[in-house]
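Working notes, beginning with the structure itself.
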Amino acid sequence: MEINALFILWIISGLFIVFESRLYRIIIYFGIFSLISSVVYLFLGAPDVAMAEAGISAFTTVFFIIFVGKYYGNQTNITREKIEINQFFRKLKGITLPFVFCAGLFALYIYTMPDTAASTYLKEWYLSNFISDVGGKNAVTAILLAYRVYDTLFEALILVVSVVAVVHMSHFSDSSVSDGHHSEIENSGMAVFTLRIICPIIVLFGGYLVVNGHISAGGGFQGGLAVATFFICRYMVYNIYDISVKRVMQLEELIFLSIILLSIIAVFLGAAALLPTAYLPMFQRAYLILMNVFIGLKVACGFFILFYRYIAFERR
Amino acid sequence: MIILWIMFVMLALYLIRVLKGPTIWDRLLGMNLISTKIIVVIIVFASLYETTFLLDFAIVYALMGFVSTIFIALFLSERKLGRKRGKK
Amino acid sequence: MDIQSIQYLIGNIVISIGIAFMVFGVFGIFLLKDFYPRILVASKIDTVGMFTLIMGFVIRHGISFFSGKLMLIIIIMLILNPLVAHIMARSAYLSGYEVAETEIDDGERETTLKEN
Amino acid sequence: MLTFFVIVPVLIAVLLYMLSTHKVAKFIAVFFQSALAVFAFFLVLSIHSEELTIFVGTYDDVMGIILYADALAAAFVLLTTFIFLLVSIYTLNQKESRTFWFLLFLLEAALIGLFFTRDLFNVFVLAEVSTVVIAVLLMYDRGKRSMFFGMVFLMLSVIAMQFYLLGLGYVYMMTGAMDMAYVAERITNMTRSELALPYALIMTTIGFKCALVPFFSWTPKVRVYPQAPTAVMAILSGLQIKSAIYLLLRFQGIFGVGASSELFLIIGIAAGLFGAFMAICQTDIRMILAYHTISQVGLIIIGINSGSYYSYIGGMYHIVSHAMFKTTLFLSAGIIVHSYGTGDAYKIRGVLKRMPLVAIGSIAAVLGITGAPLFIGSISKYFIAYDVPPLLNAATIIISLGTIISFIKYSYIFFGDSDLVGDIPVAERSRTIPTLILGVICLIGGVFGIWFIEFLFHTKVSISLIGYIQKSLIFAASVLAGLFIYKRFVKGNAFLVRFGAINFGFKAVCFSMSAFFAVILITVAFL
Amino acid sequence: MIFRYLEVFSIIMFFICIFGLITCNNIVKSIIFALMMQTAVIMFWLTIGRGSIPPIIDNTALLDNTSYIADPLPQALMLTAIIIGISVTAVIITMLNTLFRKHLMTDWKAMEKAEDEAFKESLYGDHLKD
């Protein structure tokens, strides 16, 4: 029953975005939308996805606010705010046709929805076998890191590609990647003081998520996001842009290489089959933790580079 | 259980505040309040089902919501400052 | 009456106090007309309400791993929530949103200071 | 073994990016490309004896990811590696940095992975990788780029992929697994109305990736985006669209929804006619080629949906031949545009005199694409129209006529004289040789077409001499008709040029995407 | 007939996003709609594999009745989909950033007009001029 209420809140917060045209508000509404959707994920029994969505929502908000804050900051057209309801109806007039179209699509969709019972063939199999096959307690981590590690490799790869693309496509030359000067804008002293306390907590917590990924909710990706948040805090504390992106990129690629090699050795070639059975649980645990740590580091590096690149946009 | 429903009503009220709020900071405030209410929801949920790892989520939400809120607030003040400087 | 039910009773009472704080906060958010009073109220909800509510849960659960994590959340909230309120107020103030002298409706200011 | 076919290019890409400077990088790259091509050749040979099924990791059955190579996949992989090899030889003398090679290898890995995989979700992942890599490669040139078309391409792909993911959700809900063979097995018990929704959702994405009718306008624009590197254009037109057609084949095999093949026939005819007509309207040589991709895709879809076995083989062989001559044409067009400084088909003259080798390769490809006897296109077009109903036969002839008219316009660039001078007056050898090789293959693939088909697809087909001569006569007649129409109507017609410049915006494409979805859904569920 | 009413919520969201994509005029908003669409799809996947207990098996007694445990496979797949989504979005935002530098707007109509003119100029040249 609670889940219905949450779903309705979710849809309402989505509708906010449709009928809004000012970018700052859209970003805030989007933040709320992501928050609510991540809670719904949690209620549906998907803690890992919920945690990832929470981290992602923070990062998307930051990315968008950097972009919008840079370019709409100096706009001077401050207009008087209209009453929301009137605006809504005026908009509704012009968009009747698409609305009817989408409503028709929706009706068609519901009408043709298949009414078979959900099949649970793989679910049963995974749940009963993953502890002996892969080890650990978290079935999601087991699937990500062992059964479908081939997918995970490409998922890690796409992050590498996106980092390379962002670095390649940004306008400035590589020499000005980090300037090492303080920004003009300063945070308040109280904020800086508190952030300094919070920063180590964030890193510790990220590390905890990474290392405990195989026995509890969390994992490499979520922990990596938390660690990457540390860099945002660091930027806010020191207001300085000084870490060399090039080095971090090299580090990221090195980690990516080791992820590939590790998965080749452990999964593709089936090294576990060669071991005596007494050592098998230890090997499995070592593999899961090592893989989680690598993925966490890689994600942290990747998001750090993305954040710095956007900040560099902002600082110019 | 009742707490959960009270929280949902509060969430809806805050959403109205966010929609109505005359300035951008009101909306930001609403966002922050919503994130804290969600933390309460998670804690209640964890307490009902006696699952400890859900509390990790409360911490993650607190940290992430905090970081994004502070970042938005920083950039909001920054843009107005920039405009003032430009005028001078 | 065993110790468990006393624990639950006290816990529920403390939780209700926290909820009461929060409900007052919601009223405040809607009744007050200016941003600065609102943020004052909101920081109260966040800190005092959350603190009381989570303390209620701690009392309900006694000494366990669960309440340890709850204490961690309390510490984080105590550090963060006033800070968030402070930073939002600072951001509003720096952007030129002036503190209202009185709490009457001031339409004039709303016309001059809006987001884009 | 198949796993390493995909993983090794990724490893090479990352190592190249990390270790080397660009001077060394290109030689290492070409070396590994040729090694991959050789391995692909041996793969095709080994497929003759038995089909390969590889479980990734040590988990058998459908729990893990299964890679699978049959004759079709092996043929596609051979094609991919071969074209990548030639394209990397083509870019050897250009000052491309290691980022270029990094992305090129990743694209190759993603395409090979797409051809091998039997897992439905893996298709999603690999398609996204290839989309992002292509978008970045299009915007590769730092100096003079404008990001707009790349951004639109990327956003539309992301939106289209959401349709796919939703359809996949339904498939998973109904069957409980992600493996293609297992899903196909389970799906045979289901009724058509149950399958309509996932089928329509998935086909929307595939139709978008194949550049079928409703989405026509962005495809040529992205493909011929003027600042994009020529090699990327060639790969996009020659290979990337083939991966989408391959997916279309696979999904039609899984769902087996027979009714939609009529719909796809109509869509194919419409795409063919439309692409040919738009190609007639264009003035830029690369734009002509890009619109031709659409019309040839229409032909391929007619071939694989018409129901007869010979047409199917013809469609398959047309994929190979289209990859050959379209790559040749794009590569030579790249050289020509560099040499003349413009891409205007009415201004460029005298290619034959200035660059004879490039011109020879290009002419062979033009003869191939128009379906001239003895060239590669004639075989595939012969098989497509082998035993189809007369209406379809007429449609294919009209599409060929449109192709011929626009290529009459195109082939004027070989003759005459001109003094336009662009970046490079004379083509370098590393760029000429791949073009020439591909041109020669266009001829060989025509003369020994039946052996090629036997080698690639393991089926014996035969060509009746009378039918072939009949086709050749039709070709000659349509060349004459084309010449007449070109002189009479097309040349210097300002209306056509203005019509050719029409395009759709982002929102219109989103609208047509959902409309396409609705049409497929209605057709499959109710008709 | 089984009517899955929880799935309908995410499908409503999906069509709201399509509606937004067709009507909205701003590029940033379009990107946000694409992200929301992805969220709707993820919600759909998690709804079909839902369960009151997350797939974290602390004690093996839980495994006696698996019908209450959530399906782990959709969650693993959706984690992958989320990462892919954010990576692609990062690339799109970078492209938008450089575009904004050039045109100083984020409006679809104006941007398409400007870009199309440049495109036609480079490809059709003087053939379009009468």
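Per-chain numbering from 1; labels A, B, C, D and E assigned in written order.
We adopt the following convention: a residue touches a chain if its C-beta (ideal position, glycine included) is under 8 Å from a C-beta of that chain, and two chains touch if they have at least 3 such contacts.
Nothing here was measured: the structure is a model prediction, and the numbers come from that model.
For subunit D, the chain whose average C-alpha position is most distant is C.
Summarising the inter-chain contacts, the pair of chains with the most C-beta pairs in contact is A-E. Set against the C-alpha centre of subunit E, every other chain centre is closer than that of C.
Overall, the chain located most centrally, as judged by its C-alpha mean against the mean of all protein C-alpha atoms, is E.
Taking each chain's centre as the average of its CA atoms, subunit C and subunit D sit 60 Å apart.
Here the spacing of subunit C and subunit E, counted between their Cα centres, is 34 Å.
Subunit B and subunit D have CA centres that are 49 Å apart.
In terms of their C-alpha centroids, the spacing between subunit B and subunit C amounts to 11 Å. Within subunit D, residues 121, 125, 128, 132, 135-136, 139, 147, 173, 178, 511, 514 each touch two or more of the remaining chains. Residues of subunit C found to touch two or more other chains are 76, 80, 83, 87, 90, 110, 113-115. Looking at subunit A, one finds that residues 23-25, 27, 47, 72, 81, 98, 101-102, 105, 109, 113, 115-116, 118, 120, 122-123, 126, 148, 151, 155, 158, 161-162, 165, 169, 187, 191, 198, 201, 216-217 touch two or more other chains.
Those residues of subunit D that touch subunit A in the shared complex are 3, 7, 10-11, 14-15, 17-18, 56-59, 62-65, 99, 102-103, 106, 110, 113, 119, 121-122, 125-126, 128-129, 132-133, 135-136, 139-140, 142, 147, 170, 173-178, 186, 190, 193-198, 511, 514-515, 517-518, 521-522, 525.
The part of subunit A that touches subunit B in the complex is made up of residues 2, 5-6, 9, 12-13, 16, 24-25, 27-29, 31-32, 35-36, 38-39, 42-43, 47, 50-51, 54-55, 57-58, 61-62, 65-66, 69, 72-74, 76, 81, 84, 185, 187, 191, 198, 201-202, 205, 209, 216-218, 222, 226, 229, 232-233, 236.
Considering their complex, residues 4-5, 8, 11-12, 15, 18-20, 22, 24, 27-28, 30-31, 34-35, 38, 41-42, 45, 53-54, 56-57, 59-61, 63-68, 70-72, 74-83, 86 of subunit B touch subunit A.
The part of subunit A that touches subunit E in the complex is made up of residues 3, 7-8, 10-11, 14-15, 17-18, 21, 23, 26-27, 30, 33-34, 37, 40-41, 44-49, 52-53, 56, 59-60, 63-64, 67-68, 71, 95, 98-99, 101-103, 105-106, 109-110, 113, 115-118, 120, 122-124, 126-128, 130-131, 137-140, 142-144, 148, 151-152, 155, 158-159, 161-162, 165-166, 169-171, 215-217, 221, 299, 306, 309-310, 313. Every residue of subunit B that touches subunit C in the complex is listed here, in rising order: 3, 6, 10, 13-14, 17, 22-26, 28-29, 32-33, 36, 39-40, 43, 46-47, 50, 52, 55-56, 58-59, 62-63, 66, 69-70, 73-74, 76-77, 79-81, 84.
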